[in-house]
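I have a structure I would like to understand better, so I am pasting it below and will then ask my questions one at a time.
Each chain gets a letter, A, B, C and D, in the order it is written, and its residues are counted from 1.
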Amino acid sequence: MVMQVSFSVAVAGASGYAGGEVLRLLLNHPDAEIGALTAHSSAGQRLGAHHPHLRPLAERVLQPTSAEVLAGHDVVVLALPHGASGDIAAALEDAGSDALVLDCGADHRLTDAAAWQQFYGSDHAGSWPYGLPELILADEGERQREKLRAARRVAVPGCNVTAVTLALQPGVATGLVDPADVVAVLAVGYSGAGKAAKPHLLAAEGLGSLAPYAVGGTHRHVPEIEQNLRAAGADTVRLSFTPVLAPVSRGILATVTAPLKAHVTAETVRAAWQQYYGDEPFVQLLPEGTWPTTAMVTGANTALVQVAVDERAGRVVAVCAIDNLVKGTAGAAVQSMNLALGLPETTGLTTVGVAP
Amino acid sequence: MVMQVSFSVAVAGASGYAGGEVLRLLLNHPDAEIGALTAHSSAGQRLGAHHPHLRPLAERVLQPTSAEVLAGHDVVVLALPHGASGDIAAALEDAGSDALVLDCGADHRLTDAAAWQQFYGSDHAGSWPYGLPELILADEGERQREKLRAARRVAVPGCNVTAVTLALQPGVATGLVDPADVVAVLAVGYSGAGKAAKPHLLAAEGLGSLAPYAVGGTHRHVPEIEQNLRAAGADTVRLSFTPVLAPVSRGILATVTAPLKAHVTAETVRAAWQQYYGDEPFVQLLPEGTWPTTAMVTGANTALVQVAVDERAGRVVAVCAIDNLVKGTAGAAVQSMNLALGLPETTGLTTVGVAP
Amino acid sequence: MVMQVSFSVAVAGASGYAGGEVLRLLLNHPDAEIGALTAHSSAGQRLGAHHPHLRPLAERVLQPTSAEVLAGHDVVVLALPHGASGDIAAALEDAGSDALVLDCGADHRLTDAAAWQQFYGSDHAGSWPYGLPELILADEGERQREKLRAARRVAVPGCNVTAVTLALQPGVATGLVDPADVVAVLAVGYSGAGKAAKPHLLAAEGLGSLAPYAVGGTHRHVPEIEQNLRAAGADTVRLSFTPVLAPVSRGILATVTAPLKAHVTAETVRAAWQQYYGDEPFVQLLPEGTWPTTAMVTGANTALVQVAVDERAGRVVAVCAIDNLVKGTAGAAVQSMNLALGLPETTGLTTVGVAP
Amino acid sequence: MVMQVSFSVAVAGASGYAGGEVLRLLLNHPDAEIGALTAHSSAGQRLGAHHPHLRPLAERVLQPTSAEVLAGHDVVVLALPHGASGDIAAALEDAGSDALVLDCGADHRLTDAAAWQQFYGSDHAGSWPYGLPELILADEGERQREKLRAARRVAVPGCNVTAVTLALQPGVATGLVDPADVVAVLAVGYSGAGKAAKPHLLAAEGLGSLAPYAVGGTHRHVPEIEQNLRAAGADTVRLSFTPVLAPVSRGILATVTAPLKAHVTAETVRAAWQQYYGDEPFVQLLPEGTWPTTAMVTGANTALVQVAVDERAGRVVAVCAIDNLVKGTAGAAVQSMNLALGLPETTGLTTVGVAP
C-alpha cells in the first residue's frame, strides 16, 4: 500500500519563464497541489494570458505577490528578479510560515558577501543550502544532496553555473585538472534572458545572429562557479567565462576546458567522470565519441556530459548540455524540493527530452 | 581617365556553397566577367537549380570540371572538396594555362607536410601563398598581403582559422599574450558544413539545438591556426579548439582567450589591437563595450573584433565575428584575387552587412 | 483498489521521427511496456544513436522489422514509410498475432481506392478505422471515437489532415460554412518531412527561409481532408491546400477559410465551435481574441483552435495549431490505442506544452 | 561619356529597420550622397549603436527629426511610424523644400479616406503617387511606373501588399481569376513588426513558434490590397487576409488563391503571368515546377512569383516571395526614387540574394 501525501505549492513570479517552468513540472508531479500563483504588474490577469501552453492552469488568476498570499502553503517557490527574494522570505518568516522556500533567484546562492557585493552591487541576503544535489563536496566526501534533506530553504543555482560545474567538477575533485586556469564558453538560448522586452532580445535581432555578452569576467555567475569548484576540491580557481546567445529558445551548451595534470591518460579522465556520475539519475556521461547537444535535453531534467583529452593542447575539454529552464532552474528546484520533503529525488522529473 | 580592364573568371565547384558565394561576389565586381561554371555530378544542370538566389546566372549551364573547360580564363577559382584541388591545378599547368588559381579548399594551406598528413591523412599537395592579407608576418615586419601581390596561386584560408587568427594575432605579435595556452570556442552556422545531405545537418535536427563537433583537438583547422600564430610571432602555440553548431545559416563567432602577460593593462591591449587593425579595410576593432555579432557581418567581407582583459582570470578575451562564406571563404578569395591582379584590394567587396 | 494491467507495445520503424515520438509518449504511459523496437537499415544499432533524447531506452538495440519480431506483443505500432504497412500487417495476421495494430503511415487511411491510386500511385491496401477520435460523424450523430473502441486496427491520420479537419469541421457539421470552397494554407515544421537526408531539408537551406511545396492540389493529404469533411456532413468538398515549410522543427499552424453562409453571426459561429469542442479533452477553443501558436502545443497532444468571421470577405477563418509529431501522429496513435484497449482516452497524454 | 550627377538623401527615422535598410541600399547606390539622418528618442546617438552592420556610417550622429534638418536635401525618405509622415511632409513644404519625398509609412497610400478612417482610426493625410512600379493600371493600359516619373511625392507600399498584389494581379488584369473571393495567407518574418520591444516579439517567444495575428480581416493592409487589385482591373474585390509570423528575420511568402474562371487552362494562366512579368527587372516568374522561397530573395529587390492551377479546387494558386525590407519597403523606395529622378529604374538595386 502506498500512502499518497500531497502538499501545496505557491509560486511567486508565476508570469515569468522560470515561474512558468516550475508550474509545467509541478503539473506532472504526482504529489504537488498547485496553490497560489502570484505576480507583480500582471496580478489580476489569467495565467493563460502569460503561459497559454499550461492549459490546465489557463483560468487561474494571478494574485499580488505578498507574504499573506504565499503563507499557508507547504512549499513556496520564488521566481523573482534578483534582489526581490530577501524581503519576501523575511516576510514569510514574520508571517509565521514554516513553508519550504525555494529561491530561483540569485539572492541566496553566494556564501561570500564580498563576492556578492562585487558582482551584484547590493547588500548580501545571506546564503541558503545550495540546490545542486550532484555538487561534489570534497571535504565531506559526499554530495550536496545530503545538505538538502530536510532543508527549509534552498537557493536554486544559476543555469550557466550548473552547466559549467557539472561539466568539470569530476576533474577537480580527482585532481586530474588544474582549476587555476579554467576557460568556459557557453552557447545559450534566449529564455535565459527572461521575459522583459529589450531591443537586443527581439526575434528580428536574434534570428541569424550569434551574440556574446558579459565578456571579460563580468557575468554574475562567475563567483558562483568558483564557489562550486572550490567545494569540489579546488584550492585556487581562476575562470574565464563567456556566454554567447544563439537563436534557440532553450538550452545551454557549455564547453569547459582546464589544463590536464601531467601523465594523465584519457582512460583515467573518463573513469573519473564515470565514477562521479555513474549513479546519478540526472547527470549522464555519454558513450565515448558521442557529444551532448541541447536538443537531447529539451524539457528534461537531464545534464548530458562528455569529456575528451586534447593532448596537443594539454587540456581536458568537457562539454555539458542542459535545458536552462529545467535542470538549469525549475527542475533543480523540484529535485531539491523532493529531497527537502523526503520524497524520492526523481519524483515528477524526467530524463526524456522533446526532440527533434 | 580610368582604363577599365576586365578579366574572366571560371569557378570549379559552382554548385556548392563556396562556389555560389564566389559567384555572388563576382556579380558585384566591376571588372570580373564570369566564365565557365563547372560541377561534378550536377554538370549539365542549370545553375538556377542550385543557386536560385543568383538570378542573373540562373540560366547558365554547369559544365564538367576539367582543365580543358577551366583553361583559357584569367582566373580560376577552385571550390572543390578537400583533396580535389591538387590534380586539377596540375592539369591546368599541363594545359599551359597561366591563370591565377585560387583554391578555396584546404589542399595548399599548410606548409608542414607532417601536419597535413596527421590531420588530413593523405599526401601533401604543397603550399601556396596564403590568402589572408591581414595576417601579421612578424619576421618580415609586414602583412601577408605583400606576398599576394602578383601571386599566381593562392590558398584561401579556412573559415574558422580566419576568425581565430584575426581575433588573437595582435596580442601574439606584440607579445602581450602567451600563445602557449590558447583556448578558442566557436559558435558556427550550418553553411560551413557544406551542401552534402547528412542526417545531423537536417533542419529538423539543427533547429533548437546547439551541437559541438570535432571536440578534443581533432578539427583540421587546428594546425592551420597554429601556423598562422607562429607567423604572427609565436614560438610555441598550443591551442584548444572547439566548434559548436548553432541554428544560423551563416556566421562564425569566435571566442578566443589566452593568458595575459604580467603587468599589462587593458589600455595597452586595446592599443595593440588598434595598432594592427586601425588601417585595415575589412578588419575593425569595435568601440569599447560593443561586442561583435554575426548579424553585423552577414553578407559582408568584414571581420569585427573586440578584446577585453579579464583580470580575475588573467586572460585576454578576444572575439571575432565573420560571415564564414564571405570573409571566411569567398570574400577572402576575391580580396586575394584583387591583390594578385594589381587591383585595389577592396574592389567589389563591401563592409555593409545585411541585417536584421 | 486499482488493478494495474500493463500491455506490451512493439514499434516498427523506431529509428524515425514518428517512431521516436511514439516511444517518447509511451515512456510516460503508466500501463505500456515497451517491447521490440525494429528498424530497417539501422537494425543492430543502439536506439541511443538515433534518439539520444530518450535516455531510458538508449541502450535498447534495434531489431530487423519482421512479423516474427513484432508478433507476440499486445500492440504493434507501424511507423514506416508509406507503402510498407500493408505487407507487415498481412504478415502479422499470418503469424497468428492478435495484436492491436496502429499504422502511422498513410496506407490504410483512405476509403476510396481511386483517390488512393490517384494520389499515391499504387494499389490500395484497404481502409482501417480512422484514428481521429474527435472527427464528427454527421450521419451517426457521434464522433469517431466510438468506432475506435475495441478496434483491432487503426489508421492514424496525416498530421496536416488533423489540423485542417479540427479547424473547420464544426462549421461543416453545423452547415454554417460552405465546404465547396475551402482554402487551407499551413505553416509547417521540418520534422514532418522525416529523417531522410535530402538537400532541401538541410538546416543551411531551411534557416531563414519560407518554402512552399506540393502547391496546386498535389499534396497527398488532400483526399484525406476531403474524406473527413464529408464525414462531418459536407456534400461537396473542394479544397485548395498549400503547405509552407518554416524554420521550426515541430508544429503545424493551419489557416483554414470557407465561405460563411448568409446571415450567420460571429456569435453563432463561435457557439458552433464551442458546442463541438467544449467537452473534448484535447481540442480546445481559445478565449475570444487569442490565437493559437504552435509554441503553445509543443510536446502536447493539444489542438488549439480559434475562429473568426471576416464579414468584409464573407468568410470564416479558422486556425488550428498542433504539434505534428504528437496530436499529428504519435499522440493520435496513443489516444486511439487507449480507446481500443478500453483505457481512459487521456491516459499517458498531456495538454501541457513545452514553452517558450 | 557619362555625366555623373549625384544627389543628396536625408533619412528620417534612420534608427528603425526601414530606415536602416534604406541606408543599406543607398550605400550601394552610385549617385546617392547620404545626408542627414534623423531619429526621435535616439537623436544624438551614433548610427553604429543602432545599425552596426552599416560600417561606413557607424560614426554618423543621429539628429532630431525636423523640417529644418531635412530641408535642403534633394530627396527625403520618411521611415516613421504610421501617422507621423503627414506633419513632417507639410512642414517640409512650409520650409520651401522642393525635395522628392518618399514615405515608407502608410499615411499616403490609400485613396479612399473612409477606408483609411476605418482601418487606421485617424484623419486621412491624402494620397500620393503609389510606389509600386509594376502595378498594372487596367484603365490606362500601362504600369504604375509611368505615374512615378518626375513625381515629387511617393507613398511606398506596404510589404504584405506588394507580395499579394504581385502574386495575383496578372490573373485579375486578364480576367482569368475572380477577384471577388481572394484568399491570401502569408508567412512573414519578424523585422516587419519593427524594432519596438514588445513581449510577443521576443526571440524566446518567436523561436519555435508559428503565430498568426490580425486574423479575420482586421489587418491594415487589407484595403490597400483591394485598392491595387481594383487598379489592376477588378470590379469587386473580396479578400481574406491572414499573416502568420514565422521565425525568420526577413521575408514574406504569400500564398494567394482565387477562383479560376471556367475553361481556362494552365497554359493560359502561365502565359498571362509571363506576359505581365516577362520584361520586369525585379518581378520574375520562375520556371515551371520551381516555387519561390524567401531565401532566394534575401537582401535583393526581387519578387519571385509562381502560379499553378488546381483543377480539383477550381482555383489558381499564386505564390510570391519578397524580402519585406527590400522589395517590400526600402527597395521599393529606391526604385521609385530612381524613376522620380529620371535615373535608370534599376540603379543601385540588385536581384542577387544572399543565400544560404
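One rule holds for everything that comes next: a contact is a pair of C-beta atoms (placed from the backbone, for glycine too) under 8 Å apart; a residue touches a chain by one contact, two chains touch by 3 or more.
Just so you know, these numbers come straight off a predicted model, no measurement behind them.
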Subject >> Intersection of contact partners for chain A and chain D >> reply: B, C
**OP:** Could you compare the number of C-beta pairs in contact for A-C with that for C-D and name the larger?
**Re:** C-D
**OP:** Work out the mean Cα position per chain and let me know which chain is farthest from chain B.
**Re:** C
**OP:** For chain C and chain D, let me know how many angstrom lie between their CA-based centres, rounded off.
**Re:** 38
Subject >> Rounded Å distance, chain A centre to chain C centre (Cα mean) >> reply: 35
Original post:
Among the residues of chain A, which ones contact at least 2 other chains?
Top reply: 17, 189-191, 204-205, 207-208, 247-250, 293, 295, 298, 355-356
Original post:
Given the complex with chain A, which residues does chain B contribute to the contact?
Top reply: 181, 183, 185, 187, 189, 204-205, 207-213, 215-217, 222, 238-242, 244, 246-253, 255, 257, 259, 291-295, 298, 306, 308-315, 317, 319, 321, 355-356
Subject >> List of chain D residues in touch with chain A within their complex >> reply: 17, 189-191, 193, 195, 197-199, 201-208, 247-249
Original post:
Once bound in the complex, which stretches of chain C touch chain A?
Top reply: 17, 20, 24, 27-28, 48-49, 51-56, 190-191, 207-208, 249-250, 284, 286-287, 290, 293, 295-300, 302, 304, 350-356
